[in-house]
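Note that chain A is present in both complexes that follow, paired respectively with chain B and with chain C.
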Partner chain A sequence: MLHILQNLDRRWIYLAMLVAVAGPVLAQKSFPEKPTKLVQDAFDYVERIPEGSNVLFSLDYAPSSDGELSPMTTTMVRHCCLKRHKMFFMTLWPDGLPLLQRNIQKIIETEFADLNLKEGEDYVNFGFNAGKEVVIIVMGTNIRKMFPTDINGKNLADIPLTANISNLSDMQLIVNISAGNPGMKEWVQYASSPLGIPLVVGSTAVQAPQAYPYYPSQMLGLLAAIKGAAEYEAALGNKYPKYQEQKYTEGIRRMAPQFWAHLLIIGLIVLGNGIYFAERVKGGPR
Partner chain B sequence: MKSTVPWLIAAVTGCVMIVAFFVPVAESWRDEAGIWFEILAAIAFVLGGANLFAQHMQKISARRAGWGYSAITLVTFVVSLTVGVLKVGAFSEKEDYPWAAHYIAEGGALWWLFEYVFNPLQATVFALLAFYVASAAFRAFRAKTTEATVLLTTAFIVLLGRTYAGTWLTSAVPDDYPALTFPGMTAIIMGVFNTAGQRAIMIGIALGVAATSLKVLLGVDRSYLGSDGD
Partner chain C sequence: MKRETLIWTILFVAGGLFLATRAVVSGHGFGKAYVKQEQIHPGSKTDLRKKTVDASPKEEDAELSLPRTVGLWLAAFFTLAIFSFLYRDNVFYKITEAVFVGVTAAYWMVVGVWETLVPKLLANLAPGFTRTWFMPDLKDEPPNYVYLVPLILGIMLLLRLAPKGGWIARWPLAFIVGTYAGLRLVSFLEADFVSQIRSTIVPLVAFTQTLAAQKPVFDLWVSLRNIGLVFGVLSCLTYFFFSVEHRGLVGRVARVGIWFLMITFGASFAFTVMGRIALFAARISFLFDDWLWLIDPTGKRPQGW
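Then we have the complex of A and B:
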């Protein structure tokens, strides 16, 4: 038995992972989520600021992280729509632009079509700028120097929503969904910390540990990976029961494959170490 | 001269950024430097594209190993660039301005390539990590030393604490003792031990960055300009 396990073909492990992930996806089974303080703080702030507050979304990620980060983007945009906040969208990642447009189309223009939110009055899409963190620095004093027009080429001075916006200090909240550089750290260093603008960060799991030192003084909330999205969805569902429906809880649904995948990995670590110690007892390699 | 002028540009721009941080009057200089940087960053995309094209063309013409992949790279590069620049299939809502559509407008060829080729490919490659992590968990994560055992124990707690499994396994723990639950232990690990370690690393990196920046500003370190042969 030990010999078989020692020489276990890795394809069996791949198959086990496939089953662990695909099974819950097909079964559509999910588990309850309880918001942690990191997420609840972010939710409460969006809830607390007056209706019609200015919220800047910087979606700094690419398709490789879309599966991990899109549920939190969706649920935060949804929450801002419910609160009728004014939304400003931008990205510092070149391949983040279509993902940004997808959220506007899917949530603002489709899901909230009955609110008749208008581009230029209720939301604006600044688009992409290649200047990385320098974009944030200059936006701190003058947004129009980095984005003279919106994505449609319309001058910001001619857009009702941006006519009276001059710099980042006009934002009541910045939401940065980040998968790397430029992203979370740059928004802390050049916006939230020097200008004192409240910042909520959504980050990938691998990047989340780097975000903890900034909470809560430089970052008022943190949504870490799918778990963070699921917790935000739970907070939204607690406040607005309509949003407990399955179609609004993509993050919670994606936690089920993660649940089984984590259990499988724990099982594999235990099994691997069991083999290792069995080898040691038998006088094998140390 | 070849290295002095770029150094002077870097030094002056760096000094402007530092001064503007402390002196509000200099903020307009910083914004000006920022706009220059933005233009340079945009040009860097063009240079990067040209370099990619040249490198892969060389590889194809020399029939070096893997030249077929280079050919695929070049074909996809040219196709994406062409349909994006020509805005193929991206129709403008303004009849008088047919070229006013955004290059990646929904329904356009570049949008289609992004949604149905680039997006699934990137997601697939990233998703493969789950399989490699599972294989590594079985073969590499061994409690060989005390440090490795501590690391494994921490990983166990965080893996359980980040899913409903942790909540369920410690559901019998009274609410007055959250630190005895897996989610509670995870919060302590991330909020205390991780934060302390991260802060130490960040302070160390910040000091290193400050020292390196000073060397660049003073012209002591010019390695970023390349050697004379470059």
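Then we have the complex of A and C:
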């Protein structure tokens, strides 16, 4: 047995991982989630600011991180629609553009079609701008220098929603969904720290450990990876029971595969160490 | 027949049989994308332009979209082709990798032209021309010739590709490096140095005010957390302080610092695992939901499909 385990083909482990992830996806069972303070703080702030507040969404990620970050973007945009906040969308990543448009189409124009939210009055899409952190720095003093027009080429001065917006300080909240550079760190360094604008960050799992030190003094909430998205969905469901339905809880649905895959990994780590110690007992290579 | 060829053959035959059975037995098939036409500005009587958006087959005005259906099947094929690398390197993986690199490069180029060069450079240097040909809503303003500077710097940067012009590219590079160094220095000092020191100055004996008690009460957990935070920072700093030999008390504190660092690395690794599984689960969901129609968590298809 020990010999078989020592020489186990790694492809059996891949197969086990496939089963651990695919099984729960097929079964569509999920576990209850409880929001942690980092997520609850973000939720409470969106809930607390007056209806119609200006919220800037900077979706700084590409399709490669979409599976991880899309659920949190969706649920935060949904929450802002429920609160009738005015939304401004932008991205510092060129390949983030279609994701940004998809969220507007999927949530604002389809799911909340009955609210009849109008582009230019309730939300604006600035699109993409090259320049990384320089874009944030200039937006701190003058948004129009970086985005003279919206994504449709319409001048910001002619758009009712942006006519009176001059710089980032006009935003009551910045939501940055980030997968790397430019992203979370740049928004902390050039917007929340120097200008004191409330910032909520949603980050990939890889980036999350770098984000924790900024909470709570430099960011008021953090949605760390798919777990953060699931917790935000739970917070939204607690407040608005309609959003406990399965179709609104993509993040929560993704936590069941996480559970089984993590269990498998822990089992493999234990097994690997067991084999190592068994070898030592038998006097094998150390 | 070689063992690996046999495995591949079995996989392909089993996959093909499954798809064929599912297409025939289910009655409704699978892997089809539906769209509908929507007015770009709903309610407008003058702007009657329409756009095509994703639709559910449940909707009355939904129609089958052949291009999007092909796209869906290509996405499924490329997903499986990438996963096939886990078995071993193969031609499908190579094709997918090449397509991915090519599409990404082309996409970045198109976005660079239409989101940067046209609206940022051309619109400032030749606003009349840009308004006539590319951006009809552009404001009527005189040309801003300051934008000649980035244009010239950009051309100088491209000279890096010329056999004898490489040295010219050093000037714009020096400008970029200098500017970014200056910007980064100030921001790091403010956001990562001063602010982080400020965040570390916390009370070791913490009291919290509750609604029930009139006076602040001692909070054990917050106190322990703050002590852990301060001690963790100091011990890690001690580990990286090489001017004193790591022996005696300094050595022991540095050793604790290593433990803190190891726990941090462990947390980072665990987060990375979580991220990768999330991405894997997303692709599996795509295959089962959008492609094979085995699950329908968002209720986008008629019941029973």
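Throughout what follows, the second predicted complex is superposed on the first by the 286 of 286 C-alpha atoms of A that agree within 3 Å, B and C clash if a C-alpha of one lies under 4 Å from a C-alpha of the other, contacts with A are read in each partner's own complex, and residues count from 1 in each chain.
Here is the rule we use: a contact is a pair of C-beta atoms (placed from the backbone, for glycine too) under 8 Å apart; a residue touches a chain by one contact, two chains touch by 3 or more.
Just so we're clear, the structure is a prediction, and the values are computed from it rather than from any experiment.
In the superposition on chain A, contact of A:L8 is made with chain B only, not with chain C.
By the document's definition of touching, of the two partners only chain B reaches A:N142; chain C does not.
Of the two partner chains placed by superposition, chain B and chain C are both touched by A:G67.
In the superposed pair of complexes, A:V134 makes contact with chain B and with chain C alike. Of the two partner chains placed around the shared chain by superposition, chain C is the only one that A:K154 touches, whereas chain B remains out of contact. Legend: residue contacts after superposition of the two complexes on their common chain; A:K247 is shown touching chain C, with no touch to chain B. In the superposed model, A:L195 lies in contact with neither chain B nor chain C.
In the overlay built on the shared chain, the residue A:L271 is in contact with chain B alone; chain C does not reach it. By the document's definition of touching, both partners, chain B and chain C, reach A:V21. According to the touch criterion, the shared surface of chain A, contacted by chain B in one complex and chain C in the other, consists of residues 14, 17-18, 21, 64-67, 94-95, 97, 105, 129-130, 134, 137, 152-153, 194, 208-209, 213, 227, 258, 261-262, 265. Partner chain A is touched in their complex by these residues of chain B: 17, 21, 27-28, 30-31, 33-35, 37-38, 41-42, 44-45, 100, 102, 104, 106, 111, 114-115, 118-119, 122-123, 125-127, 130-131, 133-135, 137-144, 152, 155-156, 159-160, 162-165, 167, 183, 187, 190-191, 194-195, 198-199, 202.
Contact residues of chain A toward chain B in the complex are 8, 10, 13-14, 16-18, 21, 31-34, 36, 62-67, 94-95, 97-98, 101, 105, 129-132, 134-135, 137-138, 141-142, 145-146, 151-153, 194, 208-210, 212-213, 227, 255, 258-259, 261-266, 268-269, 271-273, 276, 286. Residue ranges of chain C in contact with chain A, taken from their complex: 38, 41-43, 53-54, 86-87, 104, 107-108, 111-112, 115-116, 119-120, 123, 134-139, 183, 187-188, 190-192, 195-196, 198-199, 264, 267-268, 271-275, 277-285, 288, 294-295, 297-299.
Put simply, chain A touches chain C in their complex at residues 11, 14, 17-18, 21-22, 25-26, 28, 64-68, 70, 94-95, 97, 105-106, 109-110, 116, 119, 127-130, 133-134, 137, 148-149, 152-155, 157-158, 188-190, 193-194, 204-206, 208-209, 213, 217-218, 224-227, 246-247, 250, 253-254, 257-258, 261-262, 265.
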